[in-house]
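The same chain A turns up in both complexes below, where it pairs with chain B and then with chain C.
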Partner chain A sequence: MSVQANAPRLSSQERARRRYLTDRAIVNLFIWPTLILLIAINLFPLFYSLYLGFTDYSAIARQVPVWVGFKNFSDILNDQQMWKYFATTGKYALASVGLQTLLGFALAMLVREKFRGSGLLTTLILIPMMISPVVVGLFWKLMYNPTFGFFNYLLGFTNPSTGPDMLASRFAGKVVPNLALWAVVLVDVWMWSPFVMLLVLSGLKAIPDYLYEAAAIDRASSWFQFWRITLPQVAPLLLIAVLFRTIEAFKAFDLVMGMTGGGPGDQTELIAVNLYRQAFLGQWRTGRASALAYIVLIIIIAVSNLYIRYLNKMRGES
Partner chain B sequence: MATFYETGPGYPVTESIRVDRVSPTARRIHAVRAFVVLVFAIITLIPVFVMGITAFKSRADVVSVPPKIIFKPTLEGFVFLFTERAVVSKVRLPEFQKKAEAGELSLFERIALNTGQEITGPSDYVDRLKNSLIIAGISTILSVGLGLFAAYAFSRFPIGGKDDLLFFILSTRMLPPVVVTIPLFLMYRQLGLHDSHLGMILLYTVFNLSLSVWLLKGFIDEIPIEYEEAALVDGYTRFQAFYKIVLPQAVTGIAATTVFCLIFAWNEYAFALMLTSDDARTAPPSIATMLGRGGIEWSAIAAGSLGFLIPVVIVTFALRNYLLRGVTFGAIRR
Partner chain C sequence: MATIELQKVEKRFGDFQAVKPMDLTIHDGEFVVLLGPSGCGKTTTLRMISGLEAVTSGTILLDGRNVTWLHPSERDIAFVFQLYALYPHISVRDNIAFPLRAQGESKETIEKRVKEVVDLLQIGHLLDARPGKLSGGDQQRVALARALVRRPAAFLMDEPLGALDADFRESMRAEIKQLHIDQHATTVYVTHDQVEAMAMGDRIVVMSDAEIQQIGTPSEVYYKPANVFVARFIGSPGMNLARGHYSEGRVRLKGQNNVYAVPDDWQQALGKALGGSGDVLVGFRPEAARISADGPIAGEVYATELQGAYVMLYININEDEIIHIRAERIHQHQIGDTVRFDIDPRMVRFFDPASERAITREAAQ
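Let's turn to the complex of A and B:
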């Protein structure tokens, strides 16, 4: 280090004083701008929307928010329609996170040991998750097109009248419920399996070799090695991947908006999409939407807590 | 090949080879595995490839049944994306053709003429793209700058309730965007920030701050604290130590963080859809609304998507070693 050459000369006392003062000042100077911005743009709106959740208010009506207590919350919880959207979101989360976990895990096991070109292939697989979800939605809308889309063509359905129309939930003209939802799940899996792969891979790489060597000396089968060494060792990271993806599934918005806009009918109306519809379209039910947003937030927090508790338990055991 | 595995008294032991990894079965499994991954990668890239070729298809080729893989490439999609056009009436058509023959028309005008249209001006998309660049660019600089200071403070100083503060910063990223958008919408309307560049820049700055603080903290944690201590002993002030010792060491981390913030701001859709309408609207919501207008110009949408794709592909390759950190907000390293 050429530090000594141009360092300013100071008496030791002055130096100590200056460093002590600047340390404190620097901490404040360095941290507060960030915190103030976060408080202004995140924390304050969070409390404001909690308040709005207890009011009857529409952002486009010329009226002040009227306090209505828990009415919005009870309305939402008594609304059959809303339960249906929650169920759709749950189905979507379960299917997409489940498939992503399986596929991501399998992929990670496959690319775990290097082969020629494995680095390049792994990077190529990672591309989808970096693309804007709304653009991905549009991509796949074109792919799924029943007459000129590549999806049907590559699956061998060359005649549109006998093939599936994924986004309209039809197969050869007949209605197949939930086909559109599966179409969205498929795209989500396409986009985010690499994410699970990436996390699991980093977990796999951290497993010390001596565990396997010891198992090999004991002539443990590879099946046994997988269940007793590999799986428990990567479980924490796998769980984090699942946690991240579950949270994202409840926030899922861009992809669905790009692809189906909630349709056909309300088959792909996920809770986040409905939230947007209530808040910014039609009647602009700001109060009710805020209450709904809080319900979603509470669900997300509850789910994360469950996962984190399980994660801590697992860490405590091993 | 065989010589590679020959061992025995006559050969020096250069490396240990596990028998279970070089047996014929293991090698066959290895080959199968490579093949499966290759197939998966190809399947993964099909939609990307389709979007890429669709951008260069003519209107007729896009909707051909069955879909074409071999076709005559044209820049129609890009012309449709970037320009507003009007149909040329039959009376004026010869006049235009004469101009084209004389070489007075630009490339875009000639392509438009092939579809029987003339260019009347740039499309909205050009403005949207400009907005995207301005908002993503400035917000990235701000969030990396602020994040760098905060990350340094969190990394080097004892701060009361540090873990709670860091968790608070990370948790802001977990909120569904709509929860904060409704009050922000009202707030921005009061302050006159709705549909303004400043409003979006502020929002994206905060949106990316959690990412940049966590990522940069990870990178700074890895720089040995001894370097700074040595500098401090030599009479540097804290601030000098920060920008003369830490910053140069953290350049790679800063670069990676910058690109991640840029990509996130560049791709963002939900906030832009809800908080902008025209002046500050960015490209992602405008590509999406292109669907709604008249006949669907798939080649234009594909061209717009391709423009989004290329930077992402480059970034993925440039950042492949940091991707894990980036997509988990720096919470996971290794």
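Let's turn to the complex of A and C:
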């Protein structure tokens, strides 16, 4: 046929190679660099650190990792000091996530209705979340300063010797246990309540109006409506917010490091802070730190699983 | 049980008039249907009665009690929403019990009352399901159960069958009507389906353009439409309205040589309403036309439609004035045939084309 005669003559092989170049090759071109990068900076460290967790190894010593089996894990789990840090982390997580959830929910209910300036207010509330944790830590350190900090001034303590020194865990010179931990919790709540608010707010906005209309017809009080409609309807999103914040609380590092560095003494020594100390600060116990990191990971996975299971149960029901 | 009274009730959304000032009394135990085309303000009226929407002006009385500014929960009225508005996160049982729980009723009372309505509506097998898993009809039954369980003074229903398919609507229609007969609760029912309205209503309130066009029993609305809108809107097809000129007891219809002799008992009314003579619309239902060889009105068959036991003829009586006539199946009419017919004198109506209002014999006396 004449059409065929005019077409450029390509052997089937050539044609196949052209197609290969245009389709398959481009796909590979895009995928492989990403995959290699992922393997190099995510997967490899993940598995390498798992391996290191079973060895005696220090990153600055000139010696190869020595396989010691579960020794690091059993050492950590038998160390009273470590249990104390775990307990501190648990306390910290419970207090900060609990308070954030309450405050975030309250804020969301507050800005839920449109009023003059509610958009501006929402934006203002979101600011703390957008600042770098190191910066937040630093300026709260200044705010907490008993001599010239704003915090004591607001509480009405103008004389540093009679007021609290939050980060030193002292009040008028006397030691108050946990005060420093509460100081850090307060900052975390200040910083992350907006995050809970944001998620809850999107949950609240998704509740259809007709449910409240039906409830009004059914003569439900506002209190009844809150417990029977609002709360169950936002519960899935609220739970996601709590899950995210719980994971973050177990990994909490930058804020505490910036404010107290774990002190005074070891009062605010959260597990992540201690991990950093073991891995780098003077100790360089890379093997043991890797094991600890995996223990934290397992705890986080376990806790997340509980939440997710509950979340799925809730979803399955509705 | 309750009487609902609207006095000059009006609703505006900004500049937009959704409901013009409206007077309406719904008697105790009555089943009143609000009927009208989409957007005419039916839902808005119902929502104002329920308290979900605030009135712009006017007064709403419930059993003589002024409830205009009361919250829905203070009106003792149940509302069945078009899309059911069931609580999606709780079971059917909890949905039905919701209004009772909200009132803090005791466990035994709740159990007893829920069982009563569940038996009444035969939805016992659905109790543990979530509303989202049910069919439209079952969701509607649950919504009805939730409304009934409270034993409210009145029921408001906004197109409760609107989302169901045709088959099912008919049986649900009968169910709702039966419920009303059993309970005898004052009910205001919104629909845009005139068949539904005719079948269910003790009285029908025909609405259009944000105002009431006519209030009457189904037969009044059907046989004595108050104006051209109601005449056209009720019935399928609606009433035929042939344009003509009246003088001296006769209406000369537009176009062809059709002269219709007005029945004696109408002549005085027409003469008075039109001031002796004038343009008029002759209204008659398709079934009011009687085909006969010496009928005064002639037209050409334009189309025919078999509708079960009878045939609907589309007849061109003027250039492009088509009217509908119901004919027996035995008459074999072909397209293009000329048909002559008369109008049953008991079923003829007249309208003033200028005001579009019906001319009545009562007004002439």
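Everything that follows uses one rule, which is that the second predicted complex is superposed on the first by the 286 of 318 C-alpha atoms of A that agree within 3 Å, B and C clash if a C-alpha of one lies under 4 Å from a C-alpha of the other, contacts with A are read in each partner's own complex, and residues count from 1 in each chain.
Everything that follows uses one rule, which is that a residue touches a chain if its C-beta (ideal position, glycine included) is under 8 Å from a C-beta of that chain, and two chains touch if they have at least 3 such contacts.
These figures come from a predicted structure and were not determined experimentally.
Visitor: Is A:P232 in contact with chain B, with chain C, with both, or with neither (first, second, both, neither)?
Guide: second
Visitor: Output check: A:S290 vs chain B and chain C. Expected answer is one of first, second, both, neither. What do you get?
Guide: Touch partner of A:S290: chain B, not chain C.
Visitor: Comparing chain C with chain B, which touches more residues belonging to chain A?
Guide: B
Visitor: A:D79 contacts which: chain B (first), chain C (second), both, neither?
Guide: Neither partner.
Visitor: When the two structures are overlaid on chain A, which partner does A:F253 contact: first (chain B), second (chain C), both, or neither?
Guide: The answer is first: A:F253 touches chain B but not chain C.
Visitor: Look at A:I217 in the shared chain and tell me whether it touches chain B only, chain C only, both, or neither; answer first, second, both or neither.
Guide: A:I217 contacts chain C only, not chain B.
Visitor: Determine, under the contact definition given at the top, whether A:P133 touches first (chain B), second (chain C), both, or neither.
Guide: Touch status of A:P133: first partner only.
Visitor: Under the contact definition given at the top, report the residues of chain A touching chain B in one complex and chain C in the other.
Guide: Chain A residues touching both partners: 216.
Visitor: So in the complex, which bits of chain A are touching chain C?
Guide: Checking each residue of chain A against chain C gives 210-211, 213-221, 224, 228-229, 232-233, 317-318.
Visitor: Along chain A, where are the residues that touch chain B in the complex?
Guide: Chain A residues touching chain B: 1, 3-4, 7-10, 15, 18-19, 22-23, 26-27, 29-31, 33-35, 37-38, 40-42, 44-46, 48-49, 52, 59, 107, 110-111, 113, 115-119, 121-135, 137-143, 147-150, 153-154, 158, 160, 190, 194-195, 198-199, 202, 205-206, 216, 237, 240, 244, 247, 250-251, 253-254, 257-258, 272, 275-276, 279-280, 286, 289-290, 293-294, 296-297, 300, 304.
Visitor: Going by the contact rule set out above, which residues of chain B touch chain A in the complex?
Guide: So the residues of chain B touching chain A come out as 18, 20, 30, 33-34, 36-38, 40-41, 44-48, 50-51, 54, 62-67, 146-147, 149-150, 152-154, 157, 159, 165, 168-169, 172, 174-187, 189, 202-203, 205-206, 209-210, 213, 227, 230-232, 234-239, 242, 245, 263, 266-270, 273-274, 284-285, 287-288, 291, 298, 301-302, 304-305, 308-309, 312-313, 315-317, 320, 323-324, 327-328, 331-332, 334.
Visitor: Show me the residue ranges of chain C that touch chain A in the complex, using the header's touch definition.
Guide: Going through chain C, the ones touching chain A are 50-52, 71-73, 77-79, 81, 83, 85-90, 98-99, 101-103, 130, 132, 146, 150.
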